[in-house]
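Below: a set of structures, written as structure tokens.
What follows is chain A paired twice: with chain B in the first complex and chain C in the second.
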Partner chain A sequence: MNQSQSSQSNVLTPGTLVDEKIVLYYLSLSLTYLIIAMLAGLLYSLQFIHMYPFEGIEIFSPGRWRFVHTQGVAYGFISNAFLGALQWVVPRLTGHPVASRKLSWFILIAWQVIVLATVVGVLTGEAQALEWGETPVWIDPVALLGLLLVAYNFLTPIVKVKGPMYVTLWYFIAAFVWTPMVYAMGNFLPEYFIGGSAAGAIGGLFIHDLVGLFVTPIGWGLMYYFVPIALKKPIWSHGLSLVGFWGLAFFYPLNGIHHFLYSPIPMFLQYGAIISTIAVELVVTTVIINFFGTLRGRGDALRTNMPVRWFYIGMVFYFTTCLQCAFHTTLMFQRIIHFTDWVVGHAHLVMYGVFGFWINGVMTYLFPRLLRTNGWYKPSWNSWHFWLSGIGMLVMFFDLMSAGLIQGFIWKALAPWSDSITASMPFWKIRTVSGTAIIIGQLFFVANVIMTWRKAGELAPKSSPYDPTPSNQSQEQYT
Partner chain B sequence: MKTPPSSRSKRYTVLGLAFLLLAPGAYGFTEKLVQFVRTLNTDNEAGFTIIPISNYFLIAGGMACMLFWAMSNGMFRDIEKPKYTMLQREAELDGGALTEEELYDA
Partner chain C sequence: MFESKSGIFLVAGFGFFILAFIVMALIPITIYSDEKEQTLAEIAAEGMTHEFVDLAERYPERFKEYFGAPTEDSFATALRRGHKIYVGEGCWHCHSQFIRPISNEEQRWGPVSYASEYQNELQRPVLFGTRRVGPDLIREAARRSNDWHVAHFYEPKWVVPTSVMPSYKWFFDEDGYPNRDGMSIITYIQWLGSWQPEYPYWDGRGPTPAMVADDEAADDRHDEEVSTS
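Right after this comes the complex of A and B.
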């Protein structure tokens, strides 16, 4: 820390740096969208087991509710949670507030309008024909403008940092630059400029770049911030964390075409995507080693500290999903699993098992601090949240992976299509049950947030509200 | 704040991992990229190739510029320091302050 930063940090307080109310609103909205998106997913899953309650009603068409599920998770749950967490992390890491508080509130409201307009748009049949980009075309320019405003708001304090930057800020810079580019590429090029297989290639890049160049850098940036703070211990090697960051930057951008193996896209492009996917797996290994090196000597935190538990189980799932990715992008695996439920299981593990779990950990850490309470209304409800989500997620993952293998082998044997439907039915029923378990777990958390909020006065700490572990409670009780 | 020296074993581990994990990936990736670029002049599939390569160069090219800028501005000097200053700032913001011993012993 240079001298000017040091003297500045002496006069800064969390209240002048962070607009805590906006963080609270973002996280609350994120939870609301998550519940809606999960219920939409549950509704969609009922169609597979012949229990869909709204058959024949156009606005309840299962295909449209699938979009509500995916868009609700990506733009309602994850984006709101990330924006809230960024409002907390960026000012505290840089020592400078965001560019404008008024702009922050404008972005908060504008983003909700965009998400709600997307839901209305897809339910009324206006969805754009782009996977993960089903946002109606008339919303795309507004969403892009919103992303540029987000970048301006958060890059302003980051560029004021003098001297070597912490790895989290590198990840955030990359995300703020990449995300508008990826959004523009995916939503505008196939829609207005490029057709045929080339548009398919762009679609593939968009799907994967949205995960790898928006969700991944912000997710890892948050982990590099929250894990050392929760463990009260610096990251094992800052140098290795930068190896991971620059590796992601150079290897990730060509991954996307692996979504279209065995498609009309030229094979040399498909091979390139396979190579870069395996390269990314090697990069991910460095990141995982770094975090488990940090945990060394503090393993008891997995038992006593709920946010740490969410963070590390998410990392185990992240490694699993990347390892799975490195294998299933090979042509040998693709012969079996292409178009099967294996891919659906993989997507759920990434979006909820990894990023959803990390967000759960961030929320578990932040809500008591934002509500100025000494802990949670019922810490045991957070345990229910963790175990129901964890077990539900594992069951869903293995269930869909198994279903995918069975479907793939049945199709490869050229058996009648109906055979694969009959064989899949038990797996689809288990998927619905495991999804229900995850939703119940999430409802425990929502109920705990509401009750903690309502009882905030009774749960207020006697010591400083900014003291991360008030003296009269152990870390376990607090989290 | 003075950063404590990294242990020799940690430095070798980081360098070893950086080389062992990234070198094969970099080799395979670069080879494929060269193949893509050559295809632009030799193959009627060039139309398919231009978009992903442009996309890659746009993103990776920008990152390369940022890497060189960071290197020339001393962003990687005393590379372990930011992980200590980050924790210290957090402790200050939360109303406490960590001593250097607390930081380094963690």
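Right after this comes the complex of A and C.
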């Protein structure tokens, strides 16, 4: 930490505005959890192909490690990366530092305690029966308090903004309002107040809103910030930005029940959820058009600029998942694909192919700036990171989608249950291989971060590290 | 409104979320509000399952040590513990608990799920599930014997050679008999669907004397539920 950060100087430079050290810590923690969560997923996948190495050991129960996989991704990887990126973005966009630096560090430590307590809790069999919310019930109130502190910490500078706000801040404000409400609704209502099918409806809302009202708005907010900076162009259409935000805000919260179609939840609500899900797809199309309009004329950046490549391939995957969703939310598709690996493939493409890719792009952009280096230790390792992740992700997606169709038709045909297991076996093997490719790709990145960090002195740039708009040349060197 | 702080904060943030909550959560809550939620004691008071009594007969000393006599109270204790294990081990990530009215699910598993069978304490939070690696379990009661479950939990491949289910050796004591956890989870699994009028006939068995008295009541209740849902 340098002196300008600890002084009460009112001079607004990125150095006094942004606590870069906390960003660096958040991103490093995020990467650590990502590796742990991915290894947990790999471990779990081995159970499916009769290769589980720790069979019969209670603490290594595959079901419990599945919790570590999903909770690690949601609350360890994505949340930490988002908190780090918010620490970087919000002060820059508002011109004001966060409410309190001490609070920021308290949140950082508290959040790690929450994540670690969750891991310990689920591994000792204390999970809560709520998908994406398996966090043991005694951690939930603490986590909610943490989310409220996060909202306070970032809303304080946003409230000080005078005049029009940039798109990113719309998404962030909404996310800070939604996330604590979603968390409280999902974790407390079905556990303590509401039982039965109505709780199923709320559980569906929680599964969907956690992705749609926490991860998605912050993810898109970051895209609206980082894409124009990386491309050095403004967003193509302000009007489409408005349509995208307000469309998402209106339709996304209505989607949840589509997770439990043909269940005892009232049918007219299931129809409503299906229709609003398809509406979301239309809104998403406008956002995608807006971003590809922005890219127009700078397509070469996909080749030369690694963060831009991560961002846009992530957007292609985003469009793919949303298009897929518009189809498989229909009752016709549900007959076959519900309960199958199709949905698992969809979830992986959303969480890693989209938000994981965006976070990888943000990290690729931020680490050299945070470490004050003039680029990466080995840019080629970042290419390995991209291609192994990208190919691994695509293979996993198509593999699980195919497996899902086969499982669904075998079940419908009333074949013996074991037939669906036997038929899935080759797909599950490919799933493990593709997951391994993704992990190796991610390890390339981790190794690159470590080496860049260690060689930061040798890789130091000649220009000022505080320069928020580096010249074209240094920009290309960063990538 | 569309770009102002208050518009985004109040309309998009609170407004749309609350609107969606009213439509998608309050409406089903209201619709099912007259379905009383059964407590665990009320579930147990409807009668023990055959399989719970069977466990007591099969492992008398161990059962006595873990649960005492097979009574409604000990049945409730075993169910609660079994449910906690079912949740904690993540069983619900590979086994759903609802039968859909499509894709021949009725033929494979039995009657389609209806709302009232989820109105009880052991469905908090509701265990619909979203993935079936293994079969659905909401009609599992009495479908297989306790012995089958004991062998299956110890080493699933012994009874289902293709199974990818993990073995749960920590449900067993050092002599290979089911321990407190093992008996609890079997009690819970064997309870799932035992409220169905078809139970316990679907394995070609007759009811216990205690069940006969309950059967008419159960039939009436089921008819009522079907007609109201």
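One rule holds for everything that comes next: the second predicted complex is superposed on the first by the 457 of 479 C-alpha atoms of A that agree within 3 Å, B and C clash if a C-alpha of one lies under 4 Å from a C-alpha of the other, contacts with A are read in each partner's own complex, and residues count from 1 in each chain.
By definition in this document, contacts are C-beta pairs under 8 Å (C-beta built on N, C-alpha and C of every residue); 3 or more make two chains touch, one makes a residue touch a chain.
The model shown is predicted, which means the values in this text are computed figures rather than measured ones.
Colleague: Judging by the criteria at the top, classify the pair chain B and chain C on chain A as clash or fit.
Modeller: Taken together on chain A, chain C would clash with chain B, as the superposition shows.
Colleague: Go through the superposed model and pick first if A:Leu414 touches only chain B, second if only chain C, both, or neither.
Modeller: second
Colleague: For A:Thr285, is the partner it touches chain B (first), chain C (second), both, or none of the two (neither)?
Modeller: In the superposition, A:Thr285 contacts chain B only.
Colleague: Between chain B (first) and chain C (second), which does A:Arg92 come into contact with in this model arrangement: first, second, both, or neither?
Modeller: A:Arg92: touches chain B, not chain C.
Colleague: Of the partners chain B and chain C, which touch A:Pro164 in the superposed model: first, second, both, neither?
Modeller: Both partners, chain B and chain C.
Colleague: Touch test for A:Ala198: chain B only (first), chain C only (second), both, or neither?
Modeller: Both partners, chain B and chain C.
Colleague: Is A:Tyr262 contacted by the first partner chain B, the second partner chain C, both or neither?
Modeller: second
Colleague: Is A:Glu20 touching anything from chain B or chain C once the two structures are fitted on A? First, second, both or neither.
Modeller: Touch status of A:Glu20: no partner.
Colleague: Chain C has the stretches 8-16, 62-70, 98-106 or 188-196; which one runs into chain B?
Modeller: None of the options clash except 8-16.
Colleague: Which chain A residues contact chain B in one complex and chain C in the other?
Modeller: In the superposed arrangement, which is not itself an observed complex, chain A uses residues 164-165, 173-174, 177-178, 181, 185, 189, 194, 197-198, 201-202, 205, 213, 242, 246, 249-250, 253-254, 257, 265-266, 269, 272 for both chain B and chain C.
Colleague: In the complex of these two chains, what residues of chain A are touching chain C?
Modeller: Listed in rising order, the residues of chain A that touch chain C are 47-50, 52, 55-56, 58, 61-64, 66-67, 125-131, 134, 158-159, 161, 164-165, 170, 173-174, 176-178, 181-182, 185, 189-191, 194-203, 205, 207, 213, 242, 245-246, 249-250, 253-254, 256-257, 259-260, 262-266, 269, 272-273, 334-336, 338-340, 343-344, 408, 411-414, 417-418, 421-422, 428.
Colleague: Chain A touches which residues of chain B in the complex?
Modeller: Interface residues on chain B, with respect to chain A: 1, 6, 10, 13-14, 17-18, 21-22, 24-26, 28-29, 31-33, 35-36, 39, 45, 47-49, 51-52, 55-56, 58-60, 62-64, 66-67, 74-90, 92-96, 103, 106.
Colleague: For chain A, which residues count as touching chain B in their complex?
Modeller: Of all residues in chain A, those touching chain B are 1, 9-10, 12-14, 17, 92-93, 95, 163-168, 173-174, 177-178, 181, 185, 189, 194, 197-198, 201-202, 205, 213, 225, 228-229, 232-240, 242-243, 246-247, 249-251, 253-254, 257, 265-266, 268-269, 271-272, 275-276, 278-280, 282-283, 285-286, 289, 464, 466-468.
Colleague: Name, in rising order, each residue of chain C that touches chain A in their complex.
Modeller: For chain C paired with chain A, touching residues are 2-3, 5, 8-9, 12-14, 16-17, 19-21, 23-25, 27-29, 31-32, 35, 37, 84-85, 87-94, 96, 98, 100-105, 107-108, 113-116, 118-121, 123-135, 160-164, 166-170, 229.
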